[in-house]
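Have a look at the structure that comes next, please.
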Amino acid sequence: MVDPIYIVAVLLGISFSLGFIGKKSENIAGILSLLALGFTTLVSAQWFYNFVTADIETYHIFTTAFKPPFSINLMMGKEEALFTMMINAIGLFGGLYMFDRLKAAGKNSFIALLMLIMGLNVVVMTRDLFNLFVFLEISSIAVAGLIVLTQNTKSISAGFKFMIATGIISGLLLLGIAFIYNYAGSLNIDHILTQNLEAAKGLSIAIFFLMIAIVLEMKPFPANGWGLDVYSSAESGVSSLLSSAYATATVFVLMKLLPFAPENLQFLIAAIGIITFVFSNLMGMRQDNPNRMLGYSSISQIGLLAAVIGISSVIGEYTYFIVISILISHFLAKSGLFWIAGIVKQESIKNWSVLRSNKLLLVLFGVFIFALTGLPPFPGFFGKWELVMHLAETKNFIWIFAVLIGSFFEVVYMFRWLGYAVKNDIIIETKLKAKIHQIIPLLLFAAAAFGAGYYVSSEHPYASLINYLPLAVALGFAFIEFLPVFIKNTLAIAAMAAYFYFNYESYNELQVIFAAIFIIGGILTLIAGYAYKGKRQGFYPFALMMFAGLIGLVEATTTLEFFFAWELMTIGSYFLILRGKKSIKHALSYILFSIGGAYLILAGFGLAAIGKPDISIGILSNIELYAPWIFGLLAIGFMTKTASIGLHIWLPGAHAEAEADVSPMVSAILLKAGVFGLIMLFLAMGEQFIGNISFAYILSWVGVITALMGNMMAAFQEDAKRLLAYSSIGALGYVLFGLSLMSHLGWLTAISFSVTHFMFKALLFLAIGGVVWRLKTKDMYKMGGLIKKMPFSFISVLIGIIVLAGVPPLTGFAGKWLFFQAVVEKQWFLQGAVLFFSGIIAFLYCFRLIHSIFLGQPKDEHRNVKEAPFWILVPQYAILMVIMLFSMLPNSLLKPIGDMLMPYFPDGAITWDGQMATTALGYWNGKTVMFIVVGVFAIVFGWLVFMNRNAKKVKQFNIGYAAERPFLPETTHYAFNFFAPYKKAIGFLVAPGITNFWHRVDEGAHSVSDKFTKIYNGNAQSYLIHIVAFILVIYLISFGGF
Amino acid sequence: MSKEHTEKRIVYSPEGDPIEVNPLQDYFCEDLPEVHKASSIAILENFRNWARSRSLWVLGFGTGCGAIEMRPLMTPKFDAYRYGIQWRPTPRQADVFVVSGYLSVKTLKRVIRTYEQMQGPKYVMALGSCTINGGMYWDSYNTINRLDYYLPVDVYVAGCMPRPEALLAGFDQLKKIIREGRGEGYNKYAEEFAWYKANQKKIIKDWDMPDYNW
Amino acid sequence: MKEIIDRLQELYPIGDFKQQNKSLALITVDKDKAVDFITRLKNEEGFLHLSIITAVDWLEKNKFQLSYLINNPTTKNSFVVRVMIDRENAEMFSIHHLWEQAATYQRELKEMFGIDFPGSPGVDKPFILEGWHEIPPYRRDFDTKNYSEETYFPREGRTKNVPAEYMKQKLYPDE
Amino acid sequence: MDPLIKQILFALLTIFIVLNYGLIVQGIVRKIGARVGRRYGIPFYQPYIDIIKNYSKRTRISHGIMYYIAPVFRLTGGIGLLLFIPVIFGNNMFQNFSFSGDLLLILYFQFFGVLGMALGAAESGHPNSAIGVSRGLSQVTAYELPLTLGVLSLAVQYNTLNVSEIVAAQQGGILNWSFFTNPLASIALLLAFLAAMGRSPFDVVLAPQEIPIGPPTEFHSGFLGVLQLNRAIFPIAKLILFMNLLFGGATNWGELIIKTFFIYMWSVFVGVAFPRFRVDQSVRWYLGVPLIIGVAAVVVSKFF
């Protein structure tokens, strides 16, 4: 193995030798520097590899013949190897990325780069305090040199502020070191640590200065204005060095020096860190400039790390794992994002739509955003999970709250940015061209993000259980994007079918039901994808990712697997929703609600794991502590997905704007993920109480109001898909109510209704999607009379609405019947009556849907429209056949579900006699009802045909029109504001109160963020005052001044 | 009404292809009426005629001043309900069209349209001298003289205006006609359709509807 | 009434003043000054209400007479302002800017007499008649009886009687 | 005889009796209305003549397939509803097909015909039809709420949703009728019944003078004939249901006719006395007093 001293030696040597190279030979200088950096990267990588695989001993380097504390010594351990590897890598690839920029600035810039990296390497490896100070100085001077690469007022003033600030910091550091030397009589870290620090009076002041200097290097809120100016004005490549290399080294220094600090100072550092994390992210929401936004993000991430390190005594041995996983995510993602920002060169994130001109960059951008926000499968995900778990374990609930709220703020602005990039309307003509030396680092870092994710999860005791196969298949589709839709669709269907075929036997009944909804339902909706032409890029990886998540939910045995799958599903569906038209706003609100919900789930799982030996799902069923809290957190988390009232505002837009086959995916299938979660929760935890009131009772009302409001709002929509989306909200209210009944019949209702809802909602969304496909509008009043043009779609919608409305003899009635029996049995009459009422309101929108689109007056523009594409009809008719089967033989659906529920709710089951269902209260025979209705219908129909056999077919305006004639179909088709009188009577119930509430929350957060951002006025003097005031305040706090 | 609605126009399909719309052809059924033979089974047809005569549903369409004489029919004093006569609001469900008084050309157009929208067998009862020979408007530039040139009239009730008693007598007469199987005015209309249409078109200059309004 | 006219006599060439009764007077004004005059009556003399605009066909004089009946709601006096216009290419200035409802009267006059009011809203749209292609029916040179006989299939055998004599004969044939 | 065939024959008999009863009662009600207005009025058999007349029409037009089968839906809804209700208590054969479902099936099956009819009316393309449907559906939602509460209250009282058992529980004297044992639920149900019958003041759906009889405005000839058959059967089926729920059912046809006739009179008298509500008025009205009575009924039967 190469001695690590050569890292320093080579870097120093090359940078000195660059001085001898002629003025014109920047190329040679550059290549030499890169070679040097490559060498150092390899050296540290080799050390790291050996540490990981061979578990070798820590290596010490002694610079002179004396042993420490009489000489300076360096150390190469596993941590050092990792950190130097990261620093060298960013030096190498950052240098490569900036190659032509540095070359243009002259060879001295290469020297600055090499000095920076060299300095940081030593900062990491050294065990000597003064040495640390010296090399930190060298690095910061090198950084200042790099900052002023861009010769404009902004960057020069930023460089000046940087020098001033680091000057103060160095002064403090030096002061601290001097005092320590005075009291401890040594500069060697290990040596000082062996002494009894407590004993030395006055040493605490010394350590305070030392630590505060390091903390200031991390740019804590609010004394970080100087850092932000650097991020926003320096070259992107330099910012990436600063954010990734410099900050990484600082984090390591903090870890190294932490043992110096007494317990209370450690907590103070942690508090500073978490405050920085929350507030920087809060202010990040207000940013429009990408570099400055990334600056806020960098500062916040480092703040989080400082917080984690600060409370390492609480977290214990896992600190290292958490820090490393979060840091690696940050390191890779932030450099990548800074580099992309350097290529895009847009001052406002709104203009990032230009990124669409380069697909590769767009994909990389997405990967980095996900890595940064801690979504799976990237390492940050596991870091955040472990962090929350350990904070919960030690009951630091406020910390959990702070971590999650800060992360949530970060998600807000990162995904807004991503949304703008993928979907914003601003069209900029320039085609982005990235040079090859800029692309290579990006690609390598993106790959490293995946690799690191896999590595980190393999280190984790439970993460290694996660089934990566579905995710791998989904990602695999990213590599066959060049294939036409037909092949990809077939492959996707085959993959899902094969997965189901090989696995379903290992599922229990509940899992089979939901796996069937997820996978068979998924296959059905995928069939509609054959209707698309071309390549349909960016659809299959995400669709399959969503299904991978759904499958993961069903299969999850640990809470970590469950959460992983939940996040995966969220990501996939986010992109599917983002594909729709005008989706940018809706997709953002979708991801925000989903991630907010996911964080609640995370917190819930964290609380659940307190005092438990493992994290299997089963721990939910024997919880002693905080049970109502856990139940509440998890229930609300799941209810964001089922879009219960209050949490529903993301749904209508998201589902309505999606594509023809995506709407059924997200509406008929995805929502069931929330149902599955709730079922799991109820099964595990049973009834929970707040005081005397049962949670189930509260949820029953939530479900009832959701159903009522969902249905009522659906009745007043003009947009067909929005109508169906609101109807989904209402239907999920039914399911929630059914579950909250906590009885056999209630659950039977809920689960069978979930299945039925999947069928009719998929049917309706596909049929309406087919109509919209042909008509290119979603407004119902612009349609009309399409029954003659689209008879097959009409039949689908007809059957769909009959099932939806629950009118016998079709299978929808089963749900209504069961539900009524369950209500009477449970004696929740008021809820039952309101729910029945909302079921009747469903008639309103059902009729409106079919009337406005298929009946009434055909429009002139639609004379030549064709029936919906064949492949969109195929799944509809497959579903239709199943509906007919279940209608004829209701026990083929209900009996297996009832049997499945027997172990959980043995009382009150239905007795079956053939197709005759009997409960304690009533009875129903689906088959005879069907026969009677069909029989009577046939006879009456025969009679009518006999009477009216020679009826004259007439055209659309042959109507008795008060002796006049209609003139235009548009003015004759009564469809707009169809339920005007109804709206007049009870429209006040559907005033957009909840939407307004969330808007106000949004505005409030942004205006708070605005207030705080104002303290950064760009003035060096005020930044100085911030720093001094900060030090003073911290001093007073730590020494009891307050 | 304004003319542009009856002229040809171009609309564009969702794909942007032009579609030519010819309102008269495209919105209205263009077929001509057919003659419907009475059933050859005499007893059946007699039974049906009895039912038709006992259930006369009148279209509530007052064309002229005579409409005011129709209202008292439903009051306790005359009570036409007892003869199975009642008013229907839509031509689709009505059997008898009572043309109550003078007809301007403009109204005639609506009357023809409405008459054609009724389902056969259907009957026309014309009130007052105006429908017989023009009455006091015999030399007006805008009022027709003889209704039977435009529609097949089954019963005329003379007078200016006829009182409700006369109307009842008219209904009685109509019943007799129907019972005897002579209430085939609508078949006559179909048989001599060309002649009726020519007469109608002679005075309705801007003919902006199909030849037969189904 | 007379006082008003006396006052305005100097400004407008007013001819043929005739006090029909206590509250109604007829006056004739030149076509060019008519709108000006009516405007003055409305704005300064309180004749705020336009009751009707109608026309008389003076076939023999080859003139149309337009009569504007305007009313002062406080004094309850009315003027009939008469304007004589040529029968050929009959045309008159519109007063719809004074009273909106004038446009309707003007539309009717255009249809029935063929008097044009350029600028009046919707004056060319058919008002009552649908598809009328003859000369305007209220002109005296339009022979309505002849038109009716040619167009509307008169019933043969229609006879005319003097009602009183006919009824006498019918009821009391012996006397 | 095969029991199934016997059952079908009895079902046909039920339909026949109810059809005739429905037509005659229609005529009688109109006759009573005439006599109240001091008119002589129609002959009581006038509804028969009207139906025969409509079937005797020689021409008919069709606006499309849904329009064509809408009357079939409507009549199937009426007949089906009748067949699912146990008509005569204690008579096995006149229980008809009530073994195939309980009260809930009946409540939901009502809508089968309504929705089918609404679809057909909509296909006629007439705006007045669509307006009528819009009004009708709005009104349905409103009166269903007190109706449901009343039914729930009865279900609690008798602890069953089986109509036959509800009737059985009311046997043994007038005072055992739900009308007396559960007056609040009865009031709620009878108020809902008014709109269910579609008579004034809740007849804005048809509104002959305003939207020429609303949904069926384009129906005529044979189509109208089928609708008229339904108009005879459907109200009687509803009457029988209310009789079963509130007035102890009937043990023979005579009792049935007397009871249903008086229940019918309730809606007739209200209709004669009150003018028509607008839709928003009737919706608001049903969400007021009847709703409160319904809630009270449920609360009372749950806790007392």
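Labels for the chains are A, B, C and D, by order of writing; each one numbers its residues from 1.
One rule holds in what follows: a residue touches a chain if its C-beta (ideal position, glycine included) is under 8 Å from a C-beta of that chain, and two chains touch if they have at least 3 such contacts.
Keep in mind the model is a prediction, meaning the values are calculated, not measured.
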* Stepping chain to touching chain, what's the minimum from chain A to chain C? -> 2
* Asked: More C-beta pairs touching across which pair, B-D or A-D?
  -> A-D
* **Rounded Å distance, chain B centre to chain D centre (Cα mean)** => 36
* Asked: Which integer distance in Å separates the CA centroid of chain A from that of chain D?
  -> 54
* Roughly how many whole angstrom separate the Cα centroids of chain A and chain B? -> 71
* Structure fact -> Whole-angstrom distance, CA centroid of chain C to CA centroid of chain D, is 62
* Enumerate the residues of chain C that touch no fewer than two other chains. => none
* Check each residue of chain D and list the ones that touch at least two other chains. => 59-61, 212, 217-218, 221
* To do: Give the residues of chain B that touch two or more other chains, as numbers and ranges in rising order.
  => 90, 92, 214
* To do: Go through the chains and record each pair that touches.
  => A-B, A-D, B-C, B-D
* Asked: Mind pulling up the chain A residues that touch chain B in the complex?
  -> 774-777, 860-865, 952-958, 960, 963-968
* **Residues of chain B defined as touching chain A within the complex** => 1, 5, 11-15, 17, 19, 21, 23, 26-29, 31, 61, 90-92, 110-111, 113-114, 117, 209, 213-214
* **Footprint of chain B on chain D - complex, ascending** => 34, 37-43, 46, 49-50, 52-53, 56-61, 208-209, 212-213, 217-221, 224
* Tell me, which parts of chain C touch chain B in their complex? -> 125, 128-134, 137, 142, 144-145, 147-149, 151-155, 158
* **Of all residues in chain B, those that touch chain C in their complex** => 2, 105-106, 109, 132-134, 138-146, 149, 199, 202-206
